[in-house]
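In the two assemblies presented below, subunit A is common to both, partnered first by subunit B and then by subunit C.
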Partner chain A sequence: MNRKAVLPRIVSLAAVLLALTAWWIVTANGWVKPLFLPSPPDVWRAFTDMVTSGYKGSPLALHIWDSMYRLGAAFALALLTAVPLGILSGSNKWVQAALYPFIEFYRPLPPLAYYTVLVLWLGIEDASKIMLLFLAAFAPLYIAVVSGVKRVPSDRINGARSLGASKWKIYVHIILPSCLPEIFIGIRTAVGVAYTTLAAAEMVAAVTGIGWMVLDASKFLRSDIVFAGIIMMGLIAILIDIAIRSLERKIVPWSGKE
Partner chain B sequence: MKLKHNDSRRRSRIGLSIVAIMMALLFSACSGNSAPASDSNANRAGGQQTANNGGEQNKTANKETEGEKPTQTSSSGGTEAELPKEVRIGFQVIPNAELLAKTLGLVEKKFPDVKINWVQFDSGRDVNTAIASGGIDLGLAGSVPVAIGIANKLEYQVYFLHDIIGDNEALAVKEAAGVKDVSGLKGKKVAAPFGSTTHFSLLSALKEAGLEASDVKVLDLQPPDILAAWQRGDIDAAFVWQPTLAKLIENKGTILTTAKKLAEKGIITADVGVVSTAFANKYPQFLKQYVGVLDEAIAFYRSEPEKAAQSIGDFINQSAQDSLAQMNELVWLTSEEQRSEQYLGNGVGSVFAKVLKETGDFLVTQQSIPSAPDLAAFEAGIRTDALQP
Partner chain C sequence: MAAIQVETIEQSKEHLSLPTTESSSTTPGKEVVSLSAVGLSYGDGKQQREILRDVHLQIVEGEFVCVLGASGSGKTSLLRMIAGYEQPTAGQIKLFGRPHLGPDRQVGVVFQHANLFPWLNVRGNVEFGLRMQGIRKVLRRERAADAIERVGLAHAAKLMPHQLSGGMKQRVAIARSMVTEPELMLMDEPFAALDAITREALQVQVRELWQQSGKTALFITHDVDEALFLGDRIIVMGGSPGGIATEMRSPLGHRTVNLSETRSANGYAKVRDQLIQLLKQES
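Showing the complex of A and B:
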């Protein structure tokens, strides 16, 4: 790695260290009440407590697993529907014209506005939670795929066609690989948006999940658990993003180099 | 495209460095405490530290009171200077004296020069955070959130009991479930809004019936979601308040137990008026006159219940009949009645301080709060100056 790449990393490292030190100084001197800002040792203790004895009857791993299961199921569903529909819409303006009004209508809606309806339709178990996360993930993924398909050079499609490729083969061998970079951008946005609705999805009838854990702790003014939970959620999000990006480098190494 | 790529890589670098720092922190702390037992001890010590901090703050607040006492005694009439310019009151839609005083406009009539700002809340948890952040001066919360607040050293005090919860909070079960008593709930799904008075009542009722928390699947649902889940058949029972309770009964439900029956066994829940300690010390006259307004509303309800019910019914969009029924399910107490040892008394030695203490202790057994302070802290959380004649 060259110097150009290392320097910014040092700056970010220093900034984070500075913020942590400021946090520590402010709380250690009692300038802020622990309810508003618990001290780093308190937050750490809340975390180790959760690791050793769980939270409200379930081990911490189960809370994380349940959240990841909801997120993963919703995302898999979004991938299975948004990519084919996006490719179809990108190459056929009639399909796009028929789908767009619905997607443009629900996309900006705040999830909590329609969550009660989902609960009425699908019940209080995981189905309604997964549906909420799916709806959050679907729109950005679909839109990214549509724009990706539209950006496939027509020369490439015509070239394949002149060589005698069938319509099906053009979809599988030309259009899909060509818009993979865009699909990955869509995936990262979709996972991000779905992740931000995780706490909302776990508001109703959950007794597990990291989002629920933070909400429940806030009812009892347990700021230490709230902070520990939020930090965990942030770190998990970063790990997910890193995983997606390394996958992206493996599958579409040509991304951004065309 | 190229730009975007660079940008994302830079972000990944920041992300990576954050992860690296957190990991480093985690490991360094890991080596510090290894035994789980010592962890929990340390946690308790942390809780006490918190308590000490709060104690110091309370002391300073007390000093303020002492400083202002002379002005308080010198003028008993309540001149304008002693009244605030603006008061923010956090209320909840519960058919009690405070809601009646609001719908009748009694507060505005009593304080023509004070701007009264009514802020509606749906849960005591939000009232707790609102008072903690200085967003409201007076608030109404259930005895459970108030016990949580005092255990967490929130700077507020109980000044009035808006009502003792009676038949308006009950454990309803679906007729189809074939459950005859609370112990029959074993293996069933029961809902309650966590951290509320009904959650506390439900867990206490289960314990009373000899059931462990793991015997029943207790779900965290807000009242509107309870109704939805009930109609879909997702839950077998729910401990909830009016008006949701009435709708559950309408939809083939029967009542297993009520807050009133639990209160007879000593499991008391109440809707509590809390005031920011700093506000109460600064404007004792306002608080006293406000309690006077609440007494006025109670007197109106007792002398003309139909008119009172009409006023509240108009506000919450239901018939006067239904409103009256719900108002009668609550126990309304005047300041004179609350001066009895049985309720707020003089704070010290009062039954309500014990109720708060027992609630706090119960929450500790539920692992909801790490520790509850001693009875004296709960007694100090009650101020009775506004109740005096």
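Showing the complex of A and C:
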């Protein structure tokens, strides 16, 4: 890595360290009550406590796993439905015309507004939570795929037909791979939206999950656990994004270089 | 240097209406492309724009036809109709004696921009047509390797398109079209965006490949030198709406080794000037 790429990273790191130091000074001197801002050692202790003895009867790993399971299942469902439907809609204006009103209607709705309906329909178990996250992830992914299909250069399809590709093969061998860069953009947005919906999904009738953990701890004014949970959620989100981006580099190395 | 018999346009004009009567040409082969009274318009009503009008063109097996025209003369539209990407709004196009319905794997196309599939490496791109035909992997590999070798890219078979230079991309595009052995190769200004040195090397290569294959080629260009070097027959397009202004047998067609030899051939400058004059009149 050259100097130009390293310097901004040093600045980022310094800024984070500065914020942590400020946090530590403010709390160590007792300028702010621990309820409003727990000290870094307290947060760390809350974290190690959770690692060793879990939270409310379940080990920390289970909380994380349950959240990731809900997120993963919802995301997998979104991928399996949004990609084929997006490809179909992008290449057939009738399919798109039939689907658009529904997507345009529910997309701007706050997830919590229709969550109670989902709970009524699907129960208080994981099904309603997964459905909520699925709906959050579906719209951005679907929209990205549709726009990806529309941006496939027509001469790429023409060229493939001249090379003997049938209509069906064009979908599999030309349109799908052509959309991969857009699909990845959609995936990153979808995962981001679903992740922010996660805490909301775990507010209702859950007994596990990191979102639930933070909300539950806040009821008991355990700011240390709330802080530890929030920091963990942030770090997990960063890790997920890093994983998607490295997958993207591996699967669509040509993205942005055409 | 060998004395090269060059006809001037005056002499070759007698071939204009009867292009296949030239004594030195071989007996007329099978008709590959036939356009009769072909026209093309876009839009309708007041918005209508006529691109081509009343185009008649016959190309027989084994010919290398260059279509020469200024930009806007409708030469790319002509190629796109022969490729089956667009349907004529008047007249009829026949390929191999049959009505032309759409893209066909007997008609290979090389685009101005290589148009490679960015997710496939060089080998994957070249194998694409064979894969679509369901040819099994071992045979596919073999034929693709041969085609890649023939365009001089054996060392680059595993590179991705975004890692290639413009000239290399066009070589891959040529190999990709050639490997399925289409009866007719259509090339739409494939070298227009390349530097002079690369362009010249590829011109020589295209001509060699064409000679080896014995297939038919239609090559679109706005470059008079390129047309004179590559074509047996040169078709000059122009007018508005576009059409075929005139055609001639290339006086040099395939008798020179490379472009510089073409340029120094006896009488070359005169033919070239005449063609440029024609292009100016027509544009």
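Criterion: the second predicted complex is superposed on the first by the 258 of 258 C-alpha atoms of A that agree within 3 Å, B and C clash if a C-alpha of one lies under 4 Å from a C-alpha of the other, contacts with A are read in each partner's own complex, and residues count from 1 in each chain.
Keep this in mind: a residue touches a chain if its C-beta (ideal position, glycine included) is under 8 Å from a C-beta of that chain, and two chains touch if they have at least 3 such contacts.
Just so it is clear, the structure is predicted and the values come from calculations on it, not from any experiment.
Asks: Using the superposition on subunit A, decide if subunit B and subunit C clash or fit.
Replies: Overlaying the two structures gives subunit B and subunit C room side by side.
Asks: Looking at A:L120, would you say it contacts subunit B, subunit C, both, or neither? Reply first, second, both or neither.
Replies: A:L120: touches subunit B, not subunit C.
Asks: After the superposition on A, what does A:K93 contact: first (subunit B), second (subunit C), both or neither?
Replies: Touch status of A:K93: no partner.
Asks: On the superposed three-chain arrangement, identify whether subunit B or subunit C touches more subunit A residues.
Replies: Of the two chains, more subunit A residues are contacted by B.
Asks: At the Cα centre of subunit A, what angle separates the centres of subunit B and subunit C, to the nearest 10 degrees?
Replies: That angle rounds to 160 degrees.
Asks: Does subunit B (first) or subunit C (second) touch A:G159, or do both, or does neither?
Replies: second
Asks: Which holds for A:R249: it touches subunit B only (first), subunit C only (second), both, or neither?
Replies: neither
Asks: After superposition on the shared chain, which partner residues are touched by A:L221: those of subunit B (first), subunit C (second), both, or neither?
Replies: A:L221 contacts subunit B only, not subunit C.
Asks: For A:K150 in the superposed arrangement: first (subunit B), second (subunit C), both or neither?
Replies: In the superposition, A:K150 touches no partner, neither subunit B nor subunit C.
Asks: Please work out whether A:L180 is in contact with subunit B alone, subunit C alone, both, or neither, and reply first, second, both or neither.
Replies: second
Asks: With both complexes overlaid on chain A, what's the closest CA-to-CA approach of subunit B to subunit C, in Å?
Replies: Closest C-alpha pair between subunit B and subunit C: 13 Å.
Asks: Taking the contacts subunit A makes with subunit B in one complex and with subunit C in the other, which residues are shared?
Replies: 258
Asks: Could you pull out which subunit A residues touch subunit B in their complex?
Replies: 5, 8-9, 12-13, 16-17, 20, 30, 33-36, 41-42, 44-46, 48-49, 52-53, 56-57, 116, 119-120, 123-125, 181, 185, 204-207, 212, 216, 218-222, 224, 231, 235, 238-239, 241-242, 245, 255-256, 258
Asks: What does subunit A use to touch subunit C in their complex?
Replies: Residues in contact with subunit C: 153, 155-156, 158-166, 169, 173-174, 177-178, 180, 252-254, 257-258.
Asks: Quick check: in the complex, which residue numbers of subunit B touch subunit A?
Replies: 1-2, 4-5, 8, 10, 12-22, 25, 29, 33, 36, 39-40, 42-43, 46, 49-50, 53-54, 57, 125, 128-129, 132, 148-149, 152-154, 191, 194-195, 213-214, 217-222, 224-225, 228-229, 232, 234-235, 363, 367-370
Asks: So in the complex, which bits of subunit C are touching subunit A?
Replies: Going through subunit C, the ones touching subunit A are 83-85, 102-105, 107-109, 111, 115, 117-119, 128-129, 131-133, 160-162, 176-177, 180.
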